[in-house]
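The following block contains the structure, expressed as structure tokens.
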Amino acid sequence: MLEELKKRVYEANMLLPKYKLITFTWGNVSEIDPETGYFAIKPSGVEYDELTPDDMVIMDLEGNKIEGKYNPSSDTATHIEIYKGMPDVKGIVHTHSPWATSWAQAGRGIPCYGTTHADYMYGEIPCVRNLTKEEIEEAYEKNTGVLIVDHFKDTEYMAMPAVLCKNHGTFTWGKNAKDAVHNAVVLEEVAKMAARTEMLNPQVQPAPQELQDKHYYRKHGANAYYGQK
Amino acid sequence: MLEELKKRVYEANMLLPKYKLITFTWGNVSEIDPETGYFAIKPSGVEYDELTPDDMVIMDLEGNKIEGKYNPSSDTATHIEIYKGMPDVKGIVHTHSPWATSWAQAGRGIPCYGTTHADYMYGEIPCVRNLTKEEIEEAYEKNTGVLIVDHFKDTEYMAMPAVLCKNHGTFTWGKNAKDAVHNAVVLEEVAKMAARTEMLNPQVQPAPQELQDKHYYRKHGANAYYGQK
Amino acid sequence: MLEELKKRVYEANMLLPKYKLITFTWGNVSEIDPETGYFAIKPSGVEYDELTPDDMVIMDLEGNKIEGKYNPSSDTATHIEIYKGMPDVKGIVHTHSPWATSWAQAGRGIPCYGTTHADYMYGEIPCVRNLTKEEIEEAYEKNTGVLIVDHFKDTEYMAMPAVLCKNHGTFTWGKNAKDAVHNAVVLEEVAKMAARTEMLNPQVQPAPQELQDKHYYRKHGANAYYGQK
Amino acid sequence: MLEELKKRVYEANMLLPKYKLITFTWGNVSEIDPETGYFAIKPSGVEYDELTPDDMVIMDLEGNKIEGKYNPSSDTATHIEIYKGMPDVKGIVHTHSPWATSWAQAGRGIPCYGTTHADYMYGEIPCVRNLTKEEIEEAYEKNTGVLIVDHFKDTEYMAMPAVLCKNHGTFTWGKNAKDAVHNAVVLEEVAKMAARTEMLNPQVQPAPQELQDKHYYRKHGANAYYGQK
């Protein structure tokens, strides 16, 4: 069942090494099927050059395995919370991509220093706090998702499809798995340039708001005119 | 019509990913045909691995599409202003190449720290100011071109074939599309080395003027002696 | 003899250029056979694209060559000390991988700034001191091993499978040659991100202990639940 | 004539892009034939993917072209001075390799921070001063060579086979063209790690002299024991 979904999720997972977002198995991609409410996700700890579409695991939003010979990604509970709390999200990516993870380790959000960032993400990319000891012990992966959902509550989360988890890594999302990977690539590129920007000008300020607005709305919303309609 | 032009512009566009100057579709190249005054430019937002020479869009300098099934690059109006205001320019490149864009995001021109820079670009590579809110709202892409042309008015702009747009990215130009890409590669390499130079010596000064002159005029002008005549 | 061992050690050595951990011949991998107590190691100074499994040298723990047409790696005496002093170690890698070696040259251990590090290595990756002039003159390579063994005495050295040697390079180990290479890759990635983390936040502190614990024990020990059992 | 020499010089030139030491045509390699005193060098400004062994230019030490359809590298006069003034040198490489050139642009020699450096180069890699205006105008390329030879007068220049030219780039040498390229690769790797070392520890000191000695003499001189004899 859901062969097309598994194929798309497999292909999106294979983009992670292609875009150098991961080392070994340090990442995972999922996509949800709106009809059934099931999602497909990478199995835990299987090497990328051995993966096949058939290895993808089908889960429901209660955390039950519907189909698959492997255990799902150990971050599955985080994906579930995001799908449940942010219903426009249809694809999710987790990586430890090196520049973005360096910002996460530094405990800092990424200011919007230019149009590369503003083209895809509106405002500062947030870095959410560490979980408390209690939250970790109770349900680490689930509470990571709870924290993210809580941060984005009452916001336009499709306009900021990325978050850094302090001392950990990144989650990005999108309207499907491939779109979420696209945002993971943008995040890493933006993280790299922002770090170098600060190296070149330690007093740098974010890009003017009107420039951020122009670029974001050139590509998104009713008045977008970038691309082929 | 203009099949050779479209082929050259296609090939120059394909050099952008080859030289790692772009991610996804974040760049564009055009070249103008001196005879007709038409120019060929990459279509907006089409993925590079799907591009063909036939996808290039033919435009005139009034912004009319002469031929092509796609919308032209969203930066077309910038190209038009540069072709109109700087008539020796026959090819133009726009990128968000990461090192040069980091300087642009830092709001800084790139000092000439060495002969790699001086071999191709005479003096500091300028970073032009942000457009005002009014300029952005009136005509963002056109006014970006107006600003660039204004900056280079009454200068030897073929001796400084590159500019940084603050909080945005780069434009380079040349005597044709391929030459403009060549300058985009030089810009990125020079931007990278200049950043590291400052890291290694925060008090560094530009290279001595006589050394800059020697290298620039070794490759350019009546007394050039680099290469095969 | 030990054809399988030589093949595994050859393949592990070939992973060093694949993962860009070495330039030229600046690294070596060995693995010990628990039955015979012999180990296979790369020959000294032979170029990687000329290596074959048959070029691996078989040594015993007294430093006698058991089999092989070449001299063993000049670091063989270091491997011997580690195998003798840290008996759970079954594979060893030495590299000058650039980020980790930069920390070694800086004379600093690598603090645990995030879960990428905590997933594989428990605590700060140590940097052991320079050998004294006397230790160098007496037996440089052997004393390098003695110093490492001494540092890890009475510790859970399989939970910290990496060490930096001041002004020199890295050693990593594991349950076989491939596992030791895996740890060398982790070390280089962690070293890179830690350097950038400090660039982004010079006051940064190590990740909270409870987060380090969670990630380490999610992958190791009796309660591990990462991967496919 | 000298077909073997041209082939070796061609192959050594082709290693420059392979090891990412150059962009476009920004480098050149030569090797001298001890018998005839002629040397082969890359032609000026010819693209690497069009080069053939037959394009190499044969020159004598008076600067006369002996054979070849192209102009020799514009840096030929520098090569000549080095061959004349440092007679053990049999191969020479010039590059603008990015990390080493960043040190040159910063006007700094590269301290010996570790054994990777000490394995091949004894002591600090020097950065020679700018030429004066008069020296540039009189004979830029020749005087670059004169300056280098003057710096290394009465030194063991084969033990320090690299130099940085301030605000310019690098020259390395060796016992033949391939060996000089090998040293150019070492220089770039060492320059990269030294920059990062200072980033990680701004107060860092050079490696202890006894460690530098140990590594240099492990690979060079009468008591060397690295490699296969």
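We call the chains A, B, C and D, going by the order they appear; numbering starts again at 1 in every chain.
Heads up, the rule we're going with is that a residue touches a chain if its C-beta (ideal position, glycine included) is under 8 Å from a C-beta of that chain, and two chains touch if they have at least 3 such contacts.
Which protein is which chain? UniProt says A, B, C, D = L-ribulose-5-phosphate 4-epimerase.
None of the values given here were measured: they were computed from a predicted structure.
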* Structure fact -> Contacting chain C as well as chain D are chains none
* Between chain A and chain C, two touching copies, which fits better, same or different residues at the interface, with half of the numbers shared as the threshold? => different
* **Chain whose mean Cα position lies farthest from chain D** => A
* Which integer distance in Å separates the CA centroid of chain A from that of chain D? -> 46
* To do: Express in whole angstrom the distance between the two chain centres, defined as the mean CA positions of chain A and chain B.
  => 33
* Structure fact -> Note: chain C residues in touch with at least two other chains are 198-199
* Asked: Can you list every touching chain pair?
  -> A-B, A-C, B-D, C-D
* To do: In the complex, go through chain A and note every residue touching chain B.
  => 113-116, 119, 182, 185-186, 189, 192-194, 196-197, 199-201, 204, 207-208, 210-211, 214, 218, 225-229
* **chain A contact footprint on chain B (complex, rising order)** => 23-24, 26, 43-46, 70-71, 74, 96, 98-99, 101-108, 130-131, 133, 136-137, 140, 167-169, 195, 198-199
